[in-house]
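Each structure below is given as structure tokens.
Paired with chain B in one complex and with chain C in the other, chain A is shared by the two complexes that follow.
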Partner chain A sequence: MRRHHTRRQFTTVLAVSWIVLVILAAITADLLPLPAYDETLTGPASEGPTLAHPLGTDALGRDVASRVAYGARVSLLVGIGAVLLGLAIGAPLGILAGYRRKLTDAVIMAVNDIALAFPALVFALAVVAFAGASLRNVLIVLGVLGVPAWTRLIRGTTMAFSRREFVLAARLLGARDRRILVREILPNVAVPAASYAFIGMAVVIVAEGSLAFLGLSVQAPTPTWGGLINEGRPMLDTAPHITLAPSVVMFLTVLSFNLVGDRLRARTDVRQSGLEPVRQAPPAAAPSVHVVRQDTLLQVEEMRTHFETERGLVRAVDGVSFTLERGKTLAIVGESGSGKSMLIRSILGLLPGSGVIRSGSVYLDGENLTSYTPQEMRQVLGPRMGTVFQDPMTALNPVRTIGAQVTEPLRVHLGLDRKQARAEAIRLLAQVGLPDPVRALKRYPHELSGGMRQRVTIAMALSCDPDVLFADEPTTALDVTIQDQVLRLIHRLRQERHLAVVLVSHDLAVVRQWADEVIVMYAGKVVERGATAEIFSRTRMPYTEALLQAVPKLGDPPHHRLRVITGRPPDLAALPPGCAFQPRCPYAQERCALEAPPLEEDCACWYPLNVRESHGR
Partner chain B sequence: MIAGRLLRLVVVLLVVTFLSYALLSLLPGDTVTQILGPGASEEARAQLRSELGLDDPLLVRYGVWLGDLVTGDFGTSFVSRLPVAEELAARLPVTIELLVAAQLVALGLAVPMGITAARNAGRWIDQTLTTLSFALLSTPVFVSGVLLILVFAVKWQLLPATGWTPISLDLGWNITSVVLPALTLAFAQVAVYARLLRTDLIATLQEDYITLARARGLSPRRILWRHALRPSAITLITAIGLNLGALIGGAVIVETLFGLPGIGRLIVDSIFSRDYLTVQGGVVLISAGYVLINFAVDLVYAAVDPRIRRA
Partner chain C sequence: MAGSGSAHLREPDRVALRVQDLVVEFRGGVQAVSGVSFDVARGETLGIVGESGCGKSSTARALVQLPPPRSGSVRLDGVELTGLKGEALRRTRRRLQMIFQDPISSLNPRRRVRDIVAEGPRLWGADDSEVDEILEAVGLDPATAATRRAHEFSGGQCQRISIARALVLRPEVVICDEPVSALDVSVQAQILALLEELKERYRLTLVFIAHDLAVVKNVSDRILVMYLGKTCELAPGAELIDRPAHPYTRALLAAVPGGNRTSETLISGEPPSPVSPPSGCRFRTRCPLATERCAAEEPVMRQVGEGHFAACHYPLL
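Moving on, here comes the complex of A and B:
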């Protein structure tokens, strides 16, 4: 990844150097030791590159290098001029539209849309043809034609930033609009604008070239790149260099402007597809010793998932082990960012591709799933392990019908034909309590409510009759009344199908009601675990206590202050030494900041609460 | 909703035709001088002005012109003395064939490229394809056209450098004559489409419903084709419509470069012969066509994306 990074920087440096070179050539064209661009018979006509004429001569014996250098003047002048003109008109309009919004925005954007409806080049052609082909006219026409794109870009960025907290804060503090625009918004609009200025240069240079190629830009004898290419065309078979030299120079210049513009913009480029199978880290030198229990349904041993990021190694899951029996529900609790969801994805092997290292073992009925190939793993996902995610709004494919999505695993895994799959899908949807399942098959996800969609995803997760159901915050995105219905449904299905359920939640009320066992996670590690009743009645880890206290209770007096956990969740790329919770822990002592407590007797704490005297450490 | 869209369409068409008319009428380059020559007497000039209706207010002239336009009367060229509508009608099939062929070539190349790049995001093949797209994107149409002529027509002599055989005359020759122009025109579009599809697919592949499809044990191929491609195709369809503007601009160059008797070449020729009625007719036809096609794209868009269908 780092090598990739330096290569990118290298190409950017090359691009910038080329741009500088072209600009220098254009400025110093008079001073360069080249014949004048219009001086004929400086050498033999249509001669290939020689020492005296590095790019050869054209049909009239003029020096091609000189003509290309002078041609750069027109391209760059028109480019810079048109970009500045477009910016000068487009930026104020864009800022106005993006900042004022409402009617101003509607009017400006309506005009803009209409302006974009013109085929720009054809229009430029016509206007230049009638107004006269001169540098000034070409510049003005191309500049004005660039205005809609500028307006749209600046409006978009302004809009994005004028909603940000710091702008809202400035507004609340009574700052005047102009001050906000100059101080807060302009600096943020500058970067995308700079990026687009480079891309705009490329666009204008090509447009000017097109006009020149058609003979509608600056007129002869002044050379232009497009004009040079057109001139050389008849000699393409005998003297291709006359055409190739300006073509290559033009290509490199446009490419360089595009590249620099793209680099300025693409700082947030996503580069992972998520289709690749997870890389399993090679077993450590001393493989962790653990007994594979044949009688257990699900056994997870020393699961670790680390991400290589630019800020360093992020230990999202750091050595988590647990076992789960059939017919039981295991809850995994913790704040957001504690590694709960990542643990589920690690077990299922559903992590983004590059930069992820997973180690540890997952056993299902004693079989080591982490040794499975992606193909073998696909036979497990669905038929043996089902999954439900937090947000039913994003869990279903928006452009496929419910029917297509529910029947798909049935057909792929169970080999049912269309008719059988349809019948089974109707049965499944009825089982999860979807009213009128026959009609639902033809519907699209957006036509169902959140609760109904979550029922559909549960039906899909259970369609191939799995042994384990992974439910990652299955009710967090739902209304409270729907939450209860969905959890009851999962519980009922657990009983009926003798499932094991792994329930990820940050809602302790939910956990208390539905889970048999609980794992508390903090900073990727298990900090406490035990039977649900035990965890709630005899909390030992201060973090668990803080989580419990943060839950509002019915018994709280009115207007009682909500308790929150003090401090921030830890930065996984820069964990404190010792116990990760220590900076936020009210009970922390000296030792906590020095040594990380191991998970002993199901609790990782040097000074656990509620410990019987005989256990005192 | 459809009524609203139609209303908008009519408004945009009116504005587009008015601007085409007004801009080209207001510019210097006097028609009267063109017809009568610079030495004409003032009376002759005045008479012609009133004959052509040039003394009426702009809006009136536009109204008359638009009325004629709607009935298919684009006026009669002062240069060729032929009805402009006939000239345009004769040239239109060539341009349409060129544009359709170019879009097909562009999509035929871009879709596999975009999919391959997205599937292998971040790996060497993706980087190679990205670099290739960038190079294609940065090659002006006239440069790629000249290079293709140099290689395929001059060096290898596989395809004709210029000329056009109508489809009615000979299908085989028609295809040979459209290959190089279409390829030239397609090159820049390939880059646009491939990059768009790649970015969109990568974003789609990070959606929850894709992760969940994986959690259901579906194969990457199935996920790609059945789950990811369709939402991503929506953006592509819009881009195809919007890109038509750039494509038409390119068509002007390509038609000139390869000597194709299309609308673009007609406009360029008419510009040089100062045949302003023909230029105006061509610009209006292209602008209106562009607006209408984007209107059609909006409708297709709604058919592909069920979320919009009801909105």
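Moving on, here comes the complex of A and C:
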């Protein structure tokens, strides 16, 4: 990412420099050691670039460099002026519509839509043709033409921000509308507006150029870029520089405005993910010192997933191993950033294509999945490993019916024909408890509730009769009664189909009830694992203990003081030395900050709690 | 459960906030809240629980008149808020403050944290000498807050900022709308502990809305259960959990992992659409105990125990 990032910064600096250069040239055109733009016969006519005339001369022997510099005045004045004019009219209208909403919005947007339906360039041509082709007229026409787009953009942004809770909070504090607009909304609207302004300037410069080319902008002898291009056109064969010079300058200017606008827009997204992929790293060949167990359904060995980011190497998953048998549920618990979801994605091979360093092995029935090509992997995902994620809408295509989506894997992987697939889909949907599955086939995802959508994704995950079901926070977005229904469903299907289930969850109560084995993750590593009952009753790792005591329980008396874990999970790009939990651990001793404890006897801690005498280290 | 009625309301003089027959309607006439009543005594924490669509968040917004309810009464220290307009509303409303679920969306990304917290005092012409004290009280460093913007903070710290902003005007009642649902377990415990500490320190009255019964029980003195825009049950926290009187409350408890799950307590199906709510008791379509009477007649809140009220024709107590 670093290299990519600096390259992007470099182009931005170039673009800004070019814009500054053009603006300076336009302002100081009179002062520059150039002949006047209309001074004829400053040298031989139609002469190519020379020392005296760096961009050559035109048919009348006028200096092209001078004419391009003076032409920049018109282009920039129109470009900047028209955008400011459009903004001056469009922004207040947009803010009014977006903030007031209701009738105000309806009226403004109705008028705006009509205005947008006008063929813009035809309108511009007509007005300039009638009112006369002067700088003022061109500027006003192009400015006014931009108003509807400005209104729409500002309205949308205003609306989005005025729905945010911070606006509600400001009103509760007693802020009046004017203050809310100035303090809360305008600063947020300003950045996207600035970005759009630069892109708008590029558009206007091109539009002015087109008008000038048609002779409908500022009239000769004042030079304009479009006019210059037009003038040079007849001599394209003999003196191409007359056309090329203004063309290239205009092209670079438009490109620069667009680049700066784009860059500003990227900045609007304040919260940039630290997990942006950088470059492809070849998968490190894993030294296979481990024994591949043929009798085990799923075996994960030393799984590591690292990301190269601007902030350094992020060790999202750092050496995780486990095995899983049929008919068992393994829960992976941890807080956000613990790497639990990334672990699942690493096992499934569903990682962004570049910037990821993944190593380790995954064996399904003894076959090494990490050696599979993407094509081979596609034959595994679905038929052998099913997935259910937190948000069913990410798994479902919003514009296709449930029927189309549930039958697709049946037809692709199992080769069923349309009729068989439909019958099977109905059977599957009924099995996951969808009421009226026949009708459900014709419905779209948005017509179903969250719980029903999750049932559909479970049906899809199970459609090809997989061996392992990966459920990543499958009920986190659901209400408690629905959560219970969905978890019971997964459990029932596990029994009926003799599945292995990997359940990723942050909810310890869910894990306690539904899992046979538990893996506790912290900062990308397994810190404790074992049978569920053991983990909950005889916790050894202080982090697990803290997590268990931090959760409010129904059996606790009201106002029961929860155990507070101070601090927060570590930055994966800058892990503390030694044990990653040590800065937050009440039992930490000197050794913990010096050496990272290995995972021994299913617990990664130098000073484990609740250790039986016979185990004493 | 489709409970209305106000038998559970107490004498007005001990009460900081009193809500009666609150109705919130969305465009198109769909009712999010249909005649909800409750009160909160000074220094008390009232927990409101319910699943999505039960109207708990709409109730919170209606309390602060953003937007105002369709009908009903909201009295803060005896002052009726629903009739107030303009300047009078602005002055009275500041005594109610809110904390929201989404830590990111709650804070203006373009303002510095100290400015966000100092906005209240500045608006009312007070000097902002208290701002640093509040920032420290919620566990933030005032010097850091003066230079940083919200996006440089973690979710838990953002909630601390929101709490500081809500408390700086010394409000009478603070409405917390799912304040910890977006947070990790360890951070959730920090914020819950902080709320308890601040409640003592500033003698706050809290309305605590959440979908997690265990969280609500932890912070609340009394708990109100809502379903599809109506009240079901109201009782002191421990009483409600140990001896639920309403079949819906019992079902909620059974659905909590580790709950008492039997064919009698568990409910199937999903809440009906608020566009066409069931007649009579709104819970009857999922209730294992429903009879014809439940379809014909809407139950009202009535006493079933000491400080314990339920809106059910066949309460379990």
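In this section, the second predicted complex is superposed on the first by the 417 of 617 C-alpha atoms of A that agree within 3 Å, B and C clash if a C-alpha of one lies under 4 Å from a C-alpha of the other, contacts with A are read in each partner's own complex, and residues count from 1 in each chain.
As a convention for this text, contacts are C-beta pairs under 8 Å (C-beta built on N, C-alpha and C of every residue); 3 or more make two chains touch, one makes a residue touch a chain.
These numbers were taken from a predicted model, which means no experiment stands behind them.
Of the two partner chains placed around the shared chain by superposition, chain B is the only one that A:Gln379 touches, whereas chain C remains out of contact. Within the superposed three-chain model, A:Gly132 lies in touch with chain B and out of touch with chain C [touch as defined at top]. In the superposition on chain A, A:Lys442 makes contact with neither chain B nor chain C.
By the touch criterion defined above, A:Arg311 lies against neither chain B nor chain C after alignment on the C-alpha atoms of chain A. Looking at the shared chain after the overlay, A:Gly451 reaches chain C, while chain B stays out of its contact range. More chain A residues lie in contact with B than with the other chain of the pair chain B and chain C. Applying the stated contact rule after C-alpha superposition, one finds that A:Arg418 touches neither chain B nor chain C. The contact surfaces that chain B and chain C form on chain A in the two complexes overlap at residues 270-271.
In the complex of the two chains, the chain B residues touching chain A come out as 12, 15-16, 19-20, 23-24, 27-29, 118-122, 127, 134-135, 137-143, 146-147, 149-150, 154, 201-203, 205-220, 222-224, 226-227, 230-231, 234, 244-246, 248-250, 252-253, 256, 264, 267-268, 271-272, 276, 279-280, 282-283, 286-287, 290-291, 294, 304-307, 310.
Contact residues on chain C toward chain A in their complex (touch as defined above): 51-52, 61, 64, 66, 90-91, 93-94, 96-98, 100, 102, 104-111, 116, 119-120, 123-124, 149, 151, 154, 156, 162, 165-166, 169, 184-190, 192-193, 196, 211-215, 217-221, 236-238, 241, 251-259, 261, 266-268, 270. For chain A in complex with chain B, the touching residues are 4, 113-114, 116-123, 125-127, 129-132, 202, 206, 209-210, 213-216, 226, 229-230, 233, 236-237, 240, 243-244, 247, 250-251, 254-255, 258-259, 262, 270-275, 345, 348, 350, 352-354, 377-383, 385-387, 389, 391, 394-400, 408-409, 412-413, 444, 446-447, 457, 460-461, 464, 470.
Those residues of chain A lying in contact with chain C across their complex are 164-166, 168-176, 179, 183-184, 187-188, 270-271, 335-336, 449, 451-452, 479-485, 487, 506-510, 512-514, 546-547, 550-554, 556-566, 568-569.
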